[in-house]
Amino acid sequence: MAKTSSKKVTDISKEKLLEMHRSMLDIRNFDNKVNRLVKRGVVPGMTHFSIGEEAANVGAVAALEIGSDLITSNHRGHGQSIALGINLNEMMAEIMGKATGTCKGKGGSMHIADLDGGNLGANGIVGGGMGMAIGAALTQKIKKTGKIVVCFFGDGAVNEGTFHETLNMASIWKLPVIFYSINNMYGISTPISSVINIDYNYRRAASYGIPGHFIEDGNDLMAVYNKFEEIVKYVREGNGPVLVESITYRYLGHSTSDPGKYRTKEEVDEWKKKDPILRFEQYLLDNKLVTKKDIEAIEKASEDAVEESVKFALSSPEPTLESAFEDIFAP
Amino acid sequence: MAKTSSKKVTDISKEKLLEMHRSMLDIRNFDNKVNRLVKRGVVPGMTHFSIGEEAANVGAVAALEIGSDLITSNHRGHGQSIALGINLNEMMAEIMGKATGTCKGKGGSMHIADLDGGNLGANGIVGGGMGMAIGAALTQKIKKTGKIVVCFFGDGAVNEGTFHETLNMASIWKLPVIFYSINNMYGISTPISSVINIDYNYRRAASYGIPGHFIEDGNDLMAVYNKFEEIVKYVREGNGPVLVESITYRYLGHSTSDPGKYRTKEEVDEWKKKDPILRFEQYLLDNKLVTKKDIEAIEKASEDAVEESVKFALSSPEPTLESAFEDIFAP
Amino acid sequence: MSVRDAIIMAMSEEMRRDENVFLMGEDVGIFGGDFGTSVGMLEEFGKERIRDTPISENAISGAAIGAAMTGLRPIVDVTFMDFIVYMMDNIVNQAAKTRYMFGGKGQIPVVFRAAAGGGVGSAAQHSQSLEAWFTHIPGLKVIAPGTPADVKGLLKAAIRDNNPVIFLEYKAQYNMKGEVPLDPDFVLPIGKADIKREGKDVTVVTYGRMLERVMKAAEEVHEAEGVEVEVVDLRTLSPLDKDTVIQSVKKTGKVLLVNDAHKTSGFIGEVAATIAESEAFDYLDGRILRLAGEDVPIPYNQTLETAMIPSVERIRKYILRLVNNR
Amino acid sequence: MSVRDAIIMAMSEEMRRDENVFLMGEDVGIFGGDFGTSVGMLEEFGKERIRDTPISENAISGAAIGAAMTGLRPIVDVTFMDFIVYMMDNIVNQAAKTRYMFGGKGQIPVVFRAAAGGGVGSAAQHSQSLEAWFTHIPGLKVIAPGTPADVKGLLKAAIRDNNPVIFLEYKAQYNMKGEVPLDPDFVLPIGKADIKREGKDVTVVTYGRMLERVMKAAEEVHEAEGVEVEVVDLRTLSPLDKDTVIQSVKKTGKVLLVNDAHKTSGFIGEVAATIAESEAFDYLDGRILRLAGEDVPIPYNQTLETAMIPSVERIRKYILRLVNNR
């Protein structure tokens, strides 16, 4: 199995390392659960899973000031929401369309948001969050809050015009925003290599005179975290935006229904050997930061939390019909 | 006065050189005339002049197979239309909104087109022609016509999302299209240097894995022509798209009403010293390709043609009211 | 045959008939389209004609228009109609106006196939029916059929038409079944409404997704109360077949208009206005009723989502209200 | 005071009042706006608050929304309304729906000021009035005032509103003059129509650019034939003040609707439908007439352009036709 990069291990508290591990487990368990619920017909609608991409998400978020810094995310936003510490009960309730959900059952999987927690929201439109991200960054700059914004998107989103316009605008205004492309190599069925004429999109940073960073192994939690720590510092110091790209892989189909003909089972299996969670677990064990028992306890806690969220969601009320007519306009 | 680059002089027939000169004169005279007509209230609506940018236009078009290759242009399209050999009478009539105009008086200055002559049209939307250009190039590629497309746009257009999307698509499909940015340093009042975070936009070609070319002196007709000859050959041979940028300057305001507070008189005067037409005239004389007398004859012929176009336009009928309801749908 | 298969058949037949026709869009190839509307076509027509694109709606629509201007006949799979927002310049400012602005030169034979409406639990950004926007723009044709046969006949007509066409499909109805003529020359006229059921008591005008529900409601009120509903299926919204609507209203004197799009400024409002300014007005013996999608973004929760769109039951109620002059 | 000056005054007053308010758009700074609607503001407020942008409508609108979500209150100068096509995702899928999708969390106080309509010889891509599109989308407010005073009062209201607002200006009317209250607390209510002229014979409902012509026509028919026209100026299109419209129609029994946008699926069609389904229907003693822009792309030739939009003369004719029941 590929190793986790061990650089800087001493700089990070054990507590934080365990939090990150727990975060990844929560994502994995939560999404596995939702997947089963979709198959049983309990969850309607389109859902996009973060399974396989846990490190790419958690490593980035962990480098932020959680609860203060901001993010925007995309249709595949479960990982980011959980990494940022959303209430799992409410998130599960939302995915089941319940009144107790994050969005009162009106948004669902593609619109999970947690404004108080700094999550400006998932987005059903590819590239739809990029404008918001630079606008949020503009506010931070004007109001001198010291906060930064991370704009999450996929590899497929990089060919939307909004990518170009927002990176350019952020670059000329030196906005505190990190454009973060999680490259899982496909946009639905389309390999990224077939829709760009260069090797990696992070190189496009040059078009905007900003740094472009590459995280070749986005399944290596510490590699992601270390790179982000460096970038976050750079952006927070007022140096303007950065483009980052990490390579990872989604184990499941694009969405809940995906025949998957565009990639081979071997390819998927190959990636599973580079599993971000197993690798980080090994890293924790290798560095004697935890025992097998600790790991089991964390795993158990995570599973329980997800079970708990399902219970909460199942026992929550449906939204009332009247509620459909509320919340359109702010007072 | 800056010199015209004399490279390759022997490769070009005298006839062609004189045609190019005449083309530049026609643009200058035509636009000066229209400007006067606008001031006298004979021409309504918004008009954007190509004066000062003659070499950047004519040098590019002259490298094409005129009547066969295709172009798309933008709001500042007079130069390209004339370089491509449009009927001046009809163009002037169009600008006066007459029934005999290129577009029967329905399009005006911003929508001059000459489909038979290969001009797929000017465009009132910044970036609006870029999609059309790649689509036209796709047709040429699929039908193996051997024709190529030149997509003209300004420096300001390079921050539209469509720039990014169309260059990317053209690059992955290896379409026979030249993206040509005529950089006159301003988008209305906005200096290009204030809206991109790099020195020149042609460098963005790297984002698409295609060649980027720079014509530093876009007022040097031969420099433009020579560079385009090389690029046209490359594109026609099936190597895919190219991005080119030339530097030039517009002498007049952005449009018919422009207080011009964003630039100094000195700056304008400085550029007039680099006048593309005077320089090329000098070049022709220096190379003993023409006599002073020849030059005067060409000038006279150009002025006469423009006068003739005004006469034609003035004596042409207004379109009928019924005609406003025609031509919406193709049969 | 399902709507999905009717679409595949229509496109495939036209592609066999005319080598200039091709399909482009995100994941139309090996994936077979987001809604399976091009399954199997890559195998028959190859990559050049079943053309996968980057996620670049502006470039897709622009390239389609440029290709159409120069001799090809592209079909664009927009997938979710909500994404058409990124194509608006190309559709509205370019495709719709170019021929006119050029004084009648050139033509742009392109079809934008867009999956409209909700019903699949995808929330507010994946459930819109935006046809009214396009009917407002001269130079565009807008088609919204409601049966598999009409889908086939009108999609073929759209592909053969020399103008830009917005073609609505309904994501909730790709599996809807019905008889479909197998004749490759079966083409329906654009701009002709179809009386899907004759009746003398009341006219219901509808199109697209709502046709099925209107037909069911008409059936029910007939069985239960003997009410004879005339169902006018517009099929084409632009150009609108005013005549058929007006004649029907003159006959019945009562009219209900139904669409799934938001009520305010939805297309049935235009139909109402058309009736109210026409001679049919003089024959009306009751208000012109509208039943449409609610004016709220489509909620995710499926009970709420369902309640936002006219149901068979509400259509039936409205018909009875009209008939009983309440 | 001109409409242009009323706009500058409204924005400047609100910027003085609230440091979160700022203006952004192409050439709003030293150029003073494409239509001179920010002349002098750079000098007072500086570059940060009179913010020139690249030609990037998507990024402009997106940044405005993101800024609005996080505490600022941007005003966007869209310049020509036709360019709003590039902002559609941000306006329609993001700004309009975000609060709803998030279950009532967050707010997006942003104003998109768009110069609508023709009249300046700029042809089909620079002359559209696209308000109907936005009235179709729940979550947006749409305002289209027709006098300098209403422009000031409603623009200030729009800036103070906590929701996304599409604010129409008319490029042909920036120089139109009228009395404007100088009071910085002069703010008009969004969602209230205004009876600009009382009358008992016939109701004319209009808004925006057409108000001036309707008023002139009303004056003329009064002077010439003593007809008393009631002019209902909607001012706000979304939310629509149905009550005022319905009350007026109930009073007069006759109604003409006028807008400069294309007729088909234009906003007055929605007003017609609203009347036809309301109690006012029972009071009508004639068809609901519409007079609107023709369904053709706006031609360049100014004689033709002029003929595409309702003139005072045609409005007068329609009023008389209604009054004389022809």
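Note that the chains take the letters A, B, C and D in the order they are written out, and that residue 1 is the start of every chain.
By definition in this document, a contact is a pair of C-beta atoms (placed from the backbone, for glycine too) under 8 Å apart; a residue touches a chain by one contact, two chains touch by 3 or more.
Keep in mind it's a predicted model, so treat the numbers as computed, not measured.
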item: Farthest-lying chain, centroid of Cα atoms versus that of chain A; value: B
item: Whole-Å separation of chain centres (CA-atom averages), chain A against chain D; value: 41
item: Chain centre separation (chain B, chain D; CA means) in Å; value: 37
item: Overlap residues in chain A, where contacts from two or more other chains coincide; value: 103, 105-107, 111, 123-125, 127-128, 159-162, 165, 168-169, 172, 194-196, 328
item: Multi-partner residues of chain D (each touching 2 or more other chains); value: 53-54, 56, 58-59, 82, 85-86, 89, 93, 100-101, 123-125, 138-139, 296-297, 299-300
item: Overall pattern in which the protein chains touch one another (line/ring/star/complete/other); value: complete
item: Residues of chain A touching chain D in the complex; value: 70, 72, 101-107, 111, 113, 115, 120-121, 123-125, 127-128, 130-140, 142-143, 161-162, 165-166, 168-169, 172, 326-331
item: Chain C residues within the chain B interface of the complex; value: 48, 53-54, 56, 58-72, 74, 89-90, 93-94, 98-109, 138-139, 141, 162-163
item: Partner chain B, residues of chain A touching it in the complex; value: 159-165, 168-169, 171-172, 194-198, 203-204, 206-210
item: Touch list for chain D against partner chain B, complex; value: 26-27, 29-32, 34, 52-59, 82-83, 85-86, 120-126, 294, 296-297, 299-304, 307-308
item: Contact footprint of chain D on chain B as seen in their complex; value: 44-46, 94, 97-98, 103, 105-108, 110-111, 123-128, 156-157, 159-161, 187-190, 194-196, 259, 261-262, 318-319, 321, 323-325, 328
